[in-house]
Amino acid sequence: MARIGVFVCHCGTNISATVDVKKVAEIAKGFPGVKFATDYRYMCSEPGQDLIQKMVKEHNLTRIVVAACSPSLHEKTFRTCTQNAGLNPYFFEMANIREQCSWVHDDREEATLKAIDIVKLATAKVGKNNPLQTTFIPVEKKVLIIGGGISGIQAAIDVAFNGFKAVIVEREPSIGGRMAMFDKTFPTLDCAACILTPKMVEVNQSDLIKLYTYSEVEEVSGYVGNFKVKIRRKARLVDENKCNGCGTCWQRCPVRLPSEFDMNLGKRKAIYVPFPQAVPNVPVIDQKHCLYINKKKCGICKKVCPFEAIDYEQEDEVIEEQFGAIIVATGFTMFDHSIYGEYGYGKYKNVTTGLHFERMLNSSGPTGGKIVRPSDGKEAKKVVFIQCVGSRDEARGMPYCSRLCCMYTAKQALLLKEHNPEAEAYVFYIDIRAAGKNYEEFVERVQDEYGATYLRGRVSKIFQRNGRLMVRGCDTLSGTQIEIDADLVVLATALIARPDAIKLAQMLHIPYDQNRLFTEAHPKLAPVETVTTGVFLTGACQSPKDIPDTVATASAASVKACGLLSHEKLPIDPQIARVDVEICSGCLACKEVCPFGAIEKEEIVDRVTQQKRWVAKVAPSLCNGCGACNTACRPGAIDLDGFTEEQIFGQIESLTADKGNER
Amino acid sequence: MMKVAYYPGCSLHSTAREYDISFQLVCRKLGIELQEIPHWVCCGSSPAHVTSHLLSIALPCKNLILAEEMGLDTVVAPCAACFNRLKIAKQEVAEDSKLKKEVQEVLGKPSAGKIEVKHPLQVIIEDVGLKKVEEMTRRKLQGLRVASYYGCLLVRPPSVINFDDPEDPQSMDNLVSALGGEALPWAFKTECCGASFSLSETDIVFELSGEILNEALEAGAECILVACPLCQSNLDLRQKGIEKRRGKKFNLPILYFTELLGLALGMSMRQLGLSRHIVNPSKLLERKLAVT
Amino acid sequence: MNDNRSVKEKNLELKPSPEKVKIAAFLCKWCSYAGADLAGGSRKKYPPNVIVIRTSCSARTNPLFVWKSLEKGLDGVLVSGCHPGECHYSEGNYHTRRNFAVFRKLLEYIGIEPERFHMSWVSAAEGDKWAQVVKEVVKTVESAGPNTYFSKKKEDNA
Amino acid sequence: MKCSIASDKFRRKFAEQIEEICGERISLCYQCGKCSAGCPVAYAMDYLPSQITRFAQLGLIDKVMKSSTIWICASCQTCSVRCPRGIDLAKVMDALRILAKRKGIVPKEQIAPLFDGIFLGSIEKYGRLNELSLITKLNMASGRPFKDVSLLPIMLKKGKIKLKPQKSNPGKEVRYLMRKVEKLESK
């Protein structure tokens, strides 16, 4: 008979404020098999864990229940603790009386009663836990980095620095991401290209880093140490090995199109590199607009290419590679302000966004560094900046603060003044959030030295009158309504998750929040990990981040990934399905429902009849432990360790033990 | 033939007679039979909802019940304020069971729930269809530059009204285009005219309606099209006063959309009661549309 | 031992009222359990009648578990998993949906109130929804009252 | 003038009263000022709409009730449509006016509440609005007897107002209805 110890955590006052933890422990002493129960302020602390180990010895305990927070937080901690106490780590169960009890109930008596039930469930289960042994799998020493912005670039550099191989998969024709579009960066005002380009070159020249640009991840299977990834390399129609980026082709291409990189303020050709410093410096043919592809006309690029690199017949290629770890660095996209009718539904040409403004500021950008009105190309002298467009707007945008708009707006106001000291900058803000090194000082400088006018209030309406923009706002500090006629309005639109974020999350089996941002394993203590071991997060795909934070998380994620790769082999979860061949009838209904192809049929010799027969067999390295096979199995021959029939029936019985007596 | 209950509201029987007349004429032409709700009462308008929430719901509900008792499934309310109050009452009673009970107690009858509340614009666009209207047009509004003014209550709150866009509505503009006129884009379609302050805080009406008139004129309008008797009254009746204050001539006729529709369908100014306007539209209409 | 405990609980004045319905909820650990955790993290309040049994996947929840729960006298059962199409194991919840569609018919056939059995899809991001689901389930089960189907059967047989 | 902020309990009660009447939660407001920025009548108010919400959050009832703002609000709902926190501020303004009327703190110089009373009186009597009596009564009550008098002849001529009031036949029904509402609300 198992000897169970129950440890009830106060979690400071997180639990004890609502749940009478002492009563819970006292009553738990009466549960079947419980030989010891106590409460303690912080079970996850070192003294808390010591207490468990001490009590195991003192009371000869063989099973442990900790009633505290969610298993997603501390199951691992206490498993290790159980193991350190000399027990099998799976002789442990967690009773979640915080997230699912003390935090969601107000009534102390009701909450205590529920906590008692939750502990009862755990003790009923733990007594029936099987000892499980961890098995190991070898590790593929290569990291996949999805996304080639500053986040992915930094991660790749750090992985390579640690001596491991990295592969960057980037959707666009060049790496560089959003940062490549910026003019200067706050608060130091160094030029974005000057600090990014060397890193892009480093990535390109490293022997350990491979670039798949114009490519997308299509399928991910496997698990930590052995992810199998299918990558679609979209047809560039240009042979990367032959092309040396001389540029003859795009100089001669007759098709002119709006440039996405320049926010449609400038032009590009149908064969193009998105920007001059592109890495790789190999163009791509825009198949939608290429005359040859669509009308079998032109073909100039092929004719003029000195290296015969143009290949109109090239097709998409899907390759498969194996990786030990994956770093997700897919970044963000900008909120589309055209849902705001009061800002003109996106139909006013001179209502632009921060990214448009960056391109205009850039001296190699579409306007040559001149701040102009997109409607007529005339210089913009009076510019209104509006912060929080789509941010902090539960009604129609995102509920969160996008975190960097305050800073980049201040920077843009400053740069406007530097480009044209006569220009006027008005900034509508709600709160200035400048919590970063030298950030507050920077914003002060923009107001004081550069004379940008800050107005506290959200703009209610923008409309056009006689070709000028009328901005109707207010300054709540002075308590007045304000109307400004502006040449140009720059909206600091929210940073939001990419539209296909959910698809990627499902592919990687990582959770995402209500805003489609990827969720870290722990908001404080595991900020770059995910609940899927071996998948790490960096940059703005997790939450809006500025460049310093992005680079920091990129380095953090790559250290985590390299840490994994430094092991020769990795343990896998032993909570998987197992077949009792004595009972198995060989119907293989289980094989039908297994999503992982982990069940095969196997021939055995029956112990009683000595005849050969078929039974099901589980491949441990493929089984993910979902348990669909259990439910499908009619004779009940398959069970799932960690969630066995016996355990769950035991839980149900424990819950209803007193019910039967009452009625 | 489509049959709907008709809730004219107080204004259409007094200050907005010409809206009533033109709407009835247009309906007859388009094959819509209007049956006025017998013994309808005032919807309570703003004075009710700023005085008692229950009263502001109970009064419209009374009318909805009367309409439902006629055995019809739609009630049409041309006054934007009435339309707004009827819609809000219907929705609030449907969503709030406590309120529903109170209203029942006040009215002594179970409150109506099924009847649909529509504005004439909705009936014309959704039920009749602009295509049919276009086909029936006898007289194109060729070259007539129209600023459509929707006001507040026809489009807000969008969650209740659920009809046209709250910031840049299009229904009247589409109607004008269908009739061959030039629908002007402008930014004051849903700015407030001062609404029920016409009598109490007239200065506010002078200011707000003045802004609207000014913006319409700047946008190149020859007339303003409205769908609410309050808006019409503020822009029309107060126009002289506004001109005096701003020292600027507007001379902008304020027409109900039903009047313009009636003209396009071949009716005469006299039939439609256009002589009732304060700012005389006849010169403009004679010149542009050759109507009499 | 059970009796002993009851006495102890009485002494502590923690005796649950017999009128209070008790509901077991089988939650997959990836979505619904995490959703319930999120509800906690964002302090969404809901009634305390639901006790959660954590499973690997909603597909792990054998209809027999539900049967056993009702047979043993629980007043209601909720099974919850990831949204169809978003299963951590890619297709587990499709099996769940199929399994329980049949099972629901069976319950109806033998005359157990349909108010006692519920299914929902709650993702890890839907803390609000979880609180809402619990509220609704508790309300519906309360409308059916305490589950006496099986205890009556026993008495009848006796 | 220094203000001392009302106690937590008092503030909560005031917020609950507002929520009870209009279903809106003023605690949601984070003072972005979009309502004030877009309010077409803010120029005529003594405080901006967002300031009124702030006063209400702080429980400064007097400041709220004695402000001209709540009476100048035209119920145009521009603020409600654009509020990023989804607060229907127009409804909050209604609730504040209702509370002020209940508490009997209506500033004398405000004409809008006079208008409301006369308007409701008219429909209590006739079931429908009688414009002519509304105008004359309001002019008398607000001490501006000759306001808009010059408009009367043309309005009469154009048939926009009539000397004889329009009536809904069962006029008494509205009176009865209003009594019932009053009775229910006084509970």
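A, B, C and D label the chains in the order they appear, each numbered from 1.
FYI, a residue touches a chain if its C-beta (ideal position, glycine included) is under 8 Å from a C-beta of that chain, and two chains touch if they have at least 3 such contacts.
This is a predicted model, so every value here is computed, not measured.
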| item | value |
| --- | --- |
| Which of A-D and A-C has more C-beta contact pairs | A-C |
| Chain A-chain C separation of Cα centroids, rounded to whole Å | 32 |
| Chain centre separation in whole Å, for chain D relative to chain A (CA means) | 50 |
| Distance from the mean Cα position of chain C to that of chain B, given in whole angstrom | 53 |
| Whole-Å gap between the CA centroids of chain B and chain D | 23 |
| Per-residue overlap in chain A, given as positions that touch at least 2 other chains | 342, 461 |
| Residues within chain D bordering two or more other chains | 43, 78 |
| Touching pairs among all chains present in the structure | A-B, A-C, A-D, B-D |
| Footprint of chain D on chain B - complex, ascending | 10-11, 13-17, 38-42, 44-55, 58-59, 62, 96, 102, 105-107, 152-153, 156-158, 166-167, 190-192, 194-197, 199-204, 207-208, 237, 275-278 |
| Of chain A, residues touching chain D in the complex | 342, 388, 392-397, 430, 456-461, 472-476, 479, 481-482 |
| Touching residues (chain side chain D, partner chain A) in the complex | 30-39, 42-43, 47-48, 50-51, 78, 82-86 |
| Touching residues on chain A, where the partner in the complex is chain C | 23, 26-27, 30-32, 70-72, 96, 98-101, 103-107, 109-114, 116-118, 121, 506, 509, 511-514, 519, 575, 593, 595-596, 624-628, 630-632, 640, 642-643, 645, 648-649, 651-653, 655-663 |
| Of chain C, residues touching chain A in the complex | 1-6, 8-9, 12-14, 16, 18, 22, 24, 29-30, 33-34, 36-37, 39-41, 43-46, 48, 51-57, 59-63, 65, 68-69, 72-74, 86, 88-92, 95, 99, 124-126, 131, 146, 148, 151 |
